[in-house]
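Every chain is named by a letter (A, B and C) in the order it is written, and numbering of its residues begins at 1.
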Amino acid sequence: MKDICKSFHGIHANKDINLYVRSGEILGLLGENGAGKTTLMNILYGLYQPDSGRIEINGSPICISNPVESITHGIGMVHQHFMLIQNHSVLENIALGYKDTPFFFPKKKLRNRVEEFSKQFDFKMDLDQRVWQLSAGEQQRIEIIKALLNGADLLILDEPTSVLTPLEIKELISILRQMKAEGHMVIFISHKLDEIMDICDRVTVLQKGRVVGHADTADTSKKALARMMVGRDVVFNIDREKLEPGKKVLSVQEIHVTGDKGMPAVKGVSFELFENEIFGIAGVAGNGQRELAEAITGIRKIDSGSVHMNGKDITNKSPRHIYDNGVSHVPEERIRFGIAPGLFLYDNAILKQHHLKKFSKRYFLKYSQVKNHAKTIISDFKVATHSINNQIRNLSGGNIQKLILGREISEQPQLLVASHPTYGLDVGATQFLREHLLALRKQGSSVLLFSEDLEEIFELCDRVAVIFAGEFMGILKSDDERLADIGLMMAGSKGF
Amino acid sequence: MIKITTSDRYDISPLRSLMTNIFSLVAGLCVIGIIFLIAGVNPLYAISQIFLGSFGSLYGIKETMTKAIPLILIGAGLTLAFRAKFWNIGAEGQLLMGAIFSTWTGLTLGDQLPSYLIVPLMFFSGFMGGALWGIIPAILKIKYSINEVISTLMLNYICAEFLTMLIVGPWKGNTRFGFPGTDNLPGAAILGVIPGSRIHYATLILSLICAVILCVVIYRTRFGYEARVVGENPDAGKYAGINFLRTSLILMAISGGLAGFAGVGEIAGIHHYLGYPASVSSGYGFTAIIVAWLAKLNPLYAIVSGLFFAGILVGGDAIQISLGLPAATVEIVNGTLLIFLIMGEYFLNNKISVHISTKSKG
Amino acid sequence: MEEIIISTLQRTMIAGTPLLLATTGEIICERSGILNLGVEGVMAVGAVVAFMVTMTTGLPWLGVLAAVAAGMTLSVIHAVAAITLQANQVVSGLALTMLGLGLSGMLGKPYVGKPLTLKMNDVAIPYLSDLPYIGKILFFQSPFFYLAIFLALGAWFLLERTRLGIQIRSTGENPKATETQGVNVFLIRYLCVITGGGFSALAGAHLSTSYSKSWIEGMTAGRGWIAIALTIFALWNPGRAIWAAFLFGGIFVVQYLMQPLGISPNFLSMLPYIATLVILLLISLKDPKRLNAPAMLSAPYNRGER
């Protein structure tokens, strides 16, 4: 790819990018969230058009205006968020993506071909299962099969390990090594230094839309790459002072919660939370964290078991009632659940708090109070916007998240349920947020932190539980050495 | 080569919004002109007749204001419902229910009570009727996930048949010479009009007051806030602890109730008896949808928007007589204008840029 | 007694035909993710065009073709608004209905009250129509009846057993994912909306050239709206739509059966609309999840969205 430039909304997503891949090679594409990696690969795959620059295969320039053309050129992509139709079966999804699917009776005719193919790579798969019933690793394998079936020489993987358990990651690596041995090319997008060093032969580093360096992984180090990625030495310097836990705040007993598809998502989880502590729940996304958080905050029904807050039963009470009892929530899908996009910033600043006395009197909202509150949040949490009269959807994702966090924290909750709060935030915002969580802890509140980022868990939490398939694999203090096996626990073996 | 790109427009000023609307309407009128041309009618003549008929004479203005009353009432109510993305297509039925309830009140109590008591009672009962008809689809939607477009529509038909059933059966008046319809309302129950016109001023004032009150409700009350959040993002509403059932019930009660007011106005102010559905409402419930949309879902703007579409209705009547076109012609005008309004929104929300470049891209 | 049953069933088949046609069309449209509330208007236009062309040319089949063409053309408006301009699909569909009803009223005025002399004659299928009972009910019907069933089965086959069907259904479930698989989502949606419009117009053509052989304003009588409800009732499956449409046809016909019993005709007229609500209620009570539409129904899709 030569001199690729691409802008969205006047912001350069990619500027003057040059990179190349050789056959039999795994190239890592490294960069922070928002550095432009996905945009660049989407250009290669034909989803976007570059504003300028060109793509060459074996020296001859080609034009890719849509995914069909890129597939014809032998390029396949496995996206970070799987491009699968959840309600359809595996076979139907493959039929959708395969370029030579027959017109009549596609499923019948494709079945044998797919089964043969899977045997070649040793994928075991039930072709008639609905995609939503499969694990993340299995879904990813469908994506890989689709790409290979179409004859991909170059396979692009966008943050492939973000939804996999450690075991599944190992399986993926062996698949990639097999492909490399067969002469395929792989572009491996990631922001995780360990993986890049482990898997890739060469690395191209992007920062804020530009290439800041190329390296051979054999000749470089994590620290050097990190410096290239961020532009400065990245050392998370957070002091977590040891605090004695106070009195019991939250008590969860044997709760069972059903997921969206009618299957049990949380199966008998119990734990307690105390003041002055951050309790972390580690685990790969999709193991019941979302349902657990929703159950505690009142958005989802608890089938059996109970939840008590300061001794009061809050099981299955309304979200507002639970909020009034001191439980705040930063949801997992922030944009989807946390804001009303078309409303103004100051409207969104009180989304959960609008019924409180300080913002409303009888039936009317006290707009002067609301606006002041919005201004406070914006300055305290450094939300970048030119006015509170802006429609909130015009803000960048990171700033929206800062507003939501500010909104929830500013009410000094007794318990803050934070679901993946730093996901998608840049380094500065992440640091800022973690400091705020620790500050909350110091003030006597407690935090229930759901996170996939093990570094974050170890840095912030006093105690850690690992969730797998809706159950806790173990609850350990942060200085317990058994935590070294956290990877095993995340993959399903019980910690103790 | 020529490349056309679109990008989101963030800075939408009210002026641009207004200009876009005006431009859409003008474009719509041009297309309507073409349709007239194809149908063998002189478009310029027809369109000018429409506007002259409604705004060009004192009589026309008075008629326009008369027809604007129900449009403003219902339109304002719909701005609230639509903001919460509750697609109330049932205003026709709600209007008729209001007419039915208020007629009953008027006929039963009108002889015994003085005007200043019976009229408010009629408006109250009319509101109740419309609100009742509005609450049913709200319950069906929230508790039973039944699409409100279908439920409100079905209720329209059901109510129309119900009304017909009443006026050919139990409510058939003795003074109708055998034709279906109730007796005339007693004198005390009839609304006064501005002399020389059919404008029943009580309802007119009521409509303006309601528009203002609704404006306050939408922008300044907690309920209005919750309704707006629900419309913007139901997921966020759930997260924020908003009670969907309560919010939907209230907003549909208001929307239906306002349509009920319109029904009272039509009966007590214009016809003075209850007749066939088609005679009570000339599609006000549907026209009000466009009124609300043109008003950009702001109840105050619905006043202007209501007058505009009332003008179109009156003009439509005018050209029916002068050009012999059927009443349905008005629907063509309404539909076309609405389509152009929607299309105009696209140009409002997106910046279109055209690049003409000489070098080709690889 | 026997005669009454046979005649009732015959009329049920006739009454259900336009419902089946319109419902099948709307199913195809909604399966691709676009909600089209303009069915009533397009049906009216189809009815008036079929009538006009048949009356002037004397060729009923030409009338039908013209009606389908008109319906498709009209639907393009909604397609452009909903797909390219990403407008609110509810309002756009309503506008289409207003426009369609208005156009049909205006165009049809000169034809009110004039009966068709040439009409769509019933066709008897040889041998099968001689079967006792069902022969007369099922095999001696208007050609629209056979067409409706054929098209419904065809639609089922298309959606479930062809590649295009997988593409259509995927577009309705997840247009973004479908696009990345190289499918032109816009094109598929346009095709589905326009096809749906053609079907609705076909239903209208049946009404004016086969069912009643005359034109009157308002002859669609809400059938378009019922078709939209039937789409949900049939759970977006054209095969089920066959049962659903004829069930409702039966309800329309039952009105006339019950009249001699002294029940108010207005109450009977209400029946189809009440039945719609009741049946939706029953489905919801039995299994609320089954009322789930194609996942991205009526959500606009912007190709460039990040």
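Just a few scattered comments:
By our rule, contacts are C-beta pairs under 8 Å (C-beta built on N, C-alpha and C of every residue); 3 or more make two chains touch, one makes a residue touch a chain.
Everything quoted here is computed from the prediction, not taken from an experiment.
For chain B, the chain with the farthest CA centroid is A. Between B-C and A-B, more C-beta contact pairs join the chains of B-C.
In whole angstrom, the spacing between the mean C-alpha positions of chain A and chain C is 44.
Taking the mean of the C-alpha atoms as each chain's centre, chain B and chain C sit 28 Å apart.
Between chain A and chain B the centroid-to-centroid distance comes to 46 Å (mean Cα coordinates, whole Å).
In chain C, the positions touching at least two other chains are 304. Chain B has no residue in contact with two or more other chains. Chain A contributes residues 9, 49, 52, 54-55, 61-63, 298-299, 318-321, 323, 329, 331, 336-343, 347, 351-352, 354-355, 360, 363-365, 367, 391, 394 to its touches with chain B in the complex. Chain A meets chain C in the complex at residues 8, 39, 45, 47-48, 66-68, 71, 77, 79, 82-88, 92, 95-97, 99, 101-107, 146, 262.
Those residues of chain C that touch chain B in the shared complex are 37, 41, 77, 80-81, 85-88, 90-92, 94-107, 109, 217, 222, 225, 228-229, 232, 264, 266-267, 269-270, 273-274, 276-277, 280-281, 284-285, 288, 291, 304. Residue ranges of chain B in contact with chain C, taken from their complex: 6, 35, 39, 87, 89, 140, 144-147, 149-151, 153-155, 157-158, 161-162, 164-165, 168-169, 286, 289-290, 293, 325-336, 338-339, 342-343, 345-346. Those residues of chain C that touch chain A in the shared complex are 161-164, 166-167, 169-170, 173-174, 176-184, 289, 295, 304, 306.
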